[in-house]
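Next up is a structure, given as structure tokens.
Chain IDs A, B, C and D follow the sequence of writing; residue 1 opens each chain.
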Amino acid sequence: MIDKTVQSMADAMAGIKDGSTVLLAGFGSVGQPNALIDGLIEQGAKDLTVAANNAGSGHVGLARLMELGRVRKIVCSFPRSSDPVVFETLYRAGKIELEIVPQGTIAERIRAAGAGVPAFFTATGVGTKMAVGKEHREIDGRTYILENALYGDVGLVEAWEADRWGNLTYKLAGRNFNPIVAMASKLTIVQTQHVVGLGDIHPDHVHTPGIFVDRVLHIPYGDPGGF
Amino acid sequence: MIDKTVQSMADAMAGIKDGSTVLLAGFGSVGQPNALIDGLIEQGAKDLTVAANNAGSGHVGLARLMELGRVRKIVCSFPRSSDPVVFETLYRAGKIELEIVPQGTIAERIRAAGAGVPAFFTATGVGTKMAVGKEHREIDGRTYILENALYGDVGLVEAWEADRWGNLTYKLAGRNFNPIVAMASKLTIVQTQHVVGLGDIHPDHVHTPGIFVDRVLHIPYGDPGGF
Amino acid sequence: MSDSAFTPFNRVQMAQRAAADIPEGWYVNLGIGIPTLVADHVPLDREVIFHSENGILGMGPAPAKDAIEPWLINAGKQYITLRQGGSICHHADSFAMIRGGHLDLCVLGAFQVADNGDIANWATSENDTAPAVGGAMDLAAGAKRLWVIMDHTTKDGTSKLVNKCSYPLTAESCVKRVYTNLATLDVTDRGFVVLGMAPGLTLENLQARTDAKLHLPA
Amino acid sequence: MSDSAFTPFNRVQMAQRAAADIPEGWYVNLGIGIPTLVADHVPLDREVIFHSENGILGMGPAPAKDAIEPWLINAGKQYITLRQGGSICHHADSFAMIRGGHLDLCVLGAFQVADNGDIANWATSENDTAPAVGGAMDLAAGAKRLWVIMDHTTKDGTSKLVNKCSYPLTAESCVKRVYTNLATLDVTDRGFVVLGMAPGLTLENLQARTDAKLHLPA
């Protein structure tokens, strides 16, 4: 019997190696795998490259992981937040590398990694600093730049429902980056609000099919508290 | 009030021009917009390029459109069918152009057209006849070829449910190419089994959001009959 | 330069003017700041479908405080409502809407707009430490139309309508219209064309506050 | 060449042998023909998740005639059932599973397999009129493992295990294992390695029916 559920955070985090690229889903505090980020802090992997929409806030979660010196590089679209002090301090001190990527480009690069597309052309960023050093090409009269897929060794995901095959649903704006992070990561780890029986999710309503999921941990925390 | 529903096939087909590229969803006879294909036959546009998974069967639908000499070129992955006589006759007589595309490449090319990606690299077809004349590139030790987006002037789609904003759901294997054809087409025309009230489709269950849909025609034919 | 008496538009009026120009049925993304106010001035019975980068289509007004759905936020991370007919998708599909040219309109704020339609709205220096771009480049390059709402000048009076942007670009040649506190202008092949001005303002006075050359409609 | 007495595997046995080698938990796509039979020989309590190109994950056995769901077909356009836990996606997502390397295994039929793992299974001539490729190239290039089930020779006795494919390729260097009516072979850096043979068959007799050089496990 396939059972992707794991019973402890240690099991969920087992095997994450130093030097990994970690894709972090979530947008604002909605659909963000906060418990798994804490688990990763506890687990100890370092020298990480983290891709996420932003670069953490306050001194918890991703900010805490950075503050502990575990993140070598951050790939994000929006490093500012309500309290970006950790990132900004590290960045000014030259202790963290930053790759700024337009939000749609980061989403498409993650999706491409999941879909077997190693590189694609896009109009976003043409004529800007983002295009410097990138291959340019005119196609049908418009200029595009080439962007590479963004693969995850590990993907951290938050779901609303999950079954033992790893089929997932998300709730409203909690969907955001979660489905593409699941697609793009070699090891996709999910925290879920609800574990449901196999077959409880209608086949037409599955948002992420289990093929993209490796481990499921039940974290029924309720509603997100704020940002 | 936005109302994308139209009341007649003539309204659904209005304005389709000679020389258009038509993307045709459906796989087998499931999720295939048969009524709209008949409408296109009636409407009269010619010199069409049609992209679909296959090249018609018998003397109805796409095969009939071809038999009437209205299709200049077909782009498909599998021109064979249970009764491919129309296509094969035209093809042997040099009266129709054929572009064979691997099924996944055709799907990804259509999705790319909808997503603003004019071209992308793929491993499918490398080392085969499909790669002849295409740009090759080695990325991270593997060879890929460059494929272009496949845009539709017109997309024909079959949905299970639709509302007046054009939000759609599909039933089971009826989904197939429909969501990506809707994304990739300048004019997306939908036949739907059911018209439902705005808000009747749960926001988490919408398969194709109305932004990708232009016209909706109610064709409640019931179950597909066979292949 | 002597000013005649005139009344600049306030933020609400700027948003109202843009809102009045949005027809029913358009799919529209509104940037942070004054652009967000535009939604408040589109009556609900004129159905305009608002998109938010984080996978939301069909945003409605802000919720009452006792009716917040904690799983519904917009790209500015504010609580929102979803209209009947609204839908959710994932980030790549949401940006496919933007990058695939499916949005009829995007309204953004800006630091500078050039008379060739270039926009600079994400960084004020080439050496900005940790600039944050978010979805601005995707929206500017991807939407069918880009409108900008911004003050006509900086607080010290420097024109934000320029011949060439001095700040890092967000995208090239994509702004179609600018709503400022002094005027409404189209960006055309000739450059900025003045469609309307704040009450009491003359073209001469407007030009005096504008680096780029202004034109009247042909 | 004189044949000793031996009993070739029949189609069912070929499918059974492949089925026996599929562990629980794998995501598997089965091609048309004998590969399709493989599913019948994986017991339902060994959970193997079958994928079909048209957006189906978690295919179950064929339905009873009075329990057909007309909206459920597989890539071969046969009626299927969906297991509990099955799910539907659109064609691009379905091929993302294939092309993104998410399938553990694909089992295809073939015209020829070369000892470097090349496969030819879609056209028998460079000048084939209107050849039909379907999803074969995506599956061959994309799945983590490609196994082939085919007869060892053509009806006229020509070996289908070759040094170099003479038919148009489906993909290069991707076949990992071949199940024929005469043998099971791995494709390794050394070429074909014989894992097992039909009862009564000797390596010498097998080699006599095989163009490519055969090896024994190291």
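In the analysis below, contacts are C-beta pairs under 8 Å (C-beta built on N, C-alpha and C of every residue); 3 or more make two chains touch, one makes a residue touch a chain.
All values derive from a computational prediction rather than experimental measurement.
Q: Which other chains touch chain B while also touching chain C?
A: The shared contacts of chain B and chain C, listed by label, come to A.
Q: Please state whether A-D or B-D has more C-beta contact pairs across its interface.
A: B-D
Q: So, what's the distance in Å between the C-alpha centres of chain D and chain A?
A: Their C-alpha centroids are separated by 35 Å.
Q: So the centre of each chain is just the mean of its C-alpha atoms; given that, what is the distance between chain B and chain D in Å?
A: 29
Q: Could you put a whole-Å number on the gap between the CA centroids of chain C and chain D?
A: About 56 Å separates the centre of chain C from that of chain D.
Q: Go ahead and note the Å separation of the Cα centroids belonging to chain A and chain B.
A: Distance between chain centres, rounded to whole Å: 32 Å.
Q: Any chance you could list the residues of chain D touching two or more other chains?
A: Chain D, residues with two or more chain partners: 82, 88-89, 92, 95-96, 98-99, 142.
Q: Could you check chain A for residues that touch two or more other chains and list them?
A: Where chain A meets two or more other chains at a single residue, that happens at 108, 115-117, 122-124, 170-172, 175, 203-204, 207.
Q: If you go through all the chains, which pairs of them touch?
A: Touch list across chains, by label: A-B, A-C, A-D, B-C, B-D.
Q: Which residues of chain C touch chain B in the complex?
A: 24-25, 27, 45, 47, 49, 51, 57-58, 82, 84-89, 92, 95-103, 142
Q: Under the stated contact criterion, what part of chain B meets chain D in this complex?
A: 27-28, 30-31, 54-55, 77-80, 87-88, 91-92, 98, 100-105, 107-108, 110-111, 122-130, 170-180, 207, 223-225, 227
Q: Taking the touch rule as given, give the residues of chain C at its contact with chain A in the complex, in rising order.
A: The contact residues of chain C facing chain A are 53-56, 69-73, 75, 77, 82, 88-92, 94-96, 98-99, 118, 123, 126, 129-138, 141-142, 168-172.
Q: In their complex, what parts of chain A are in touch with chain B?
A: Residue list for chain A touching chain B: 108, 112, 115-124, 137, 139-140, 142, 144, 148, 169-172, 175, 203-205, 207.
Q: Report the residues of chain A in contact with chain D in the complex, numbered from low to high.
A: 1-2, 113-117, 163-165, 167, 183, 198-199, 201, 203-204, 206, 209-212
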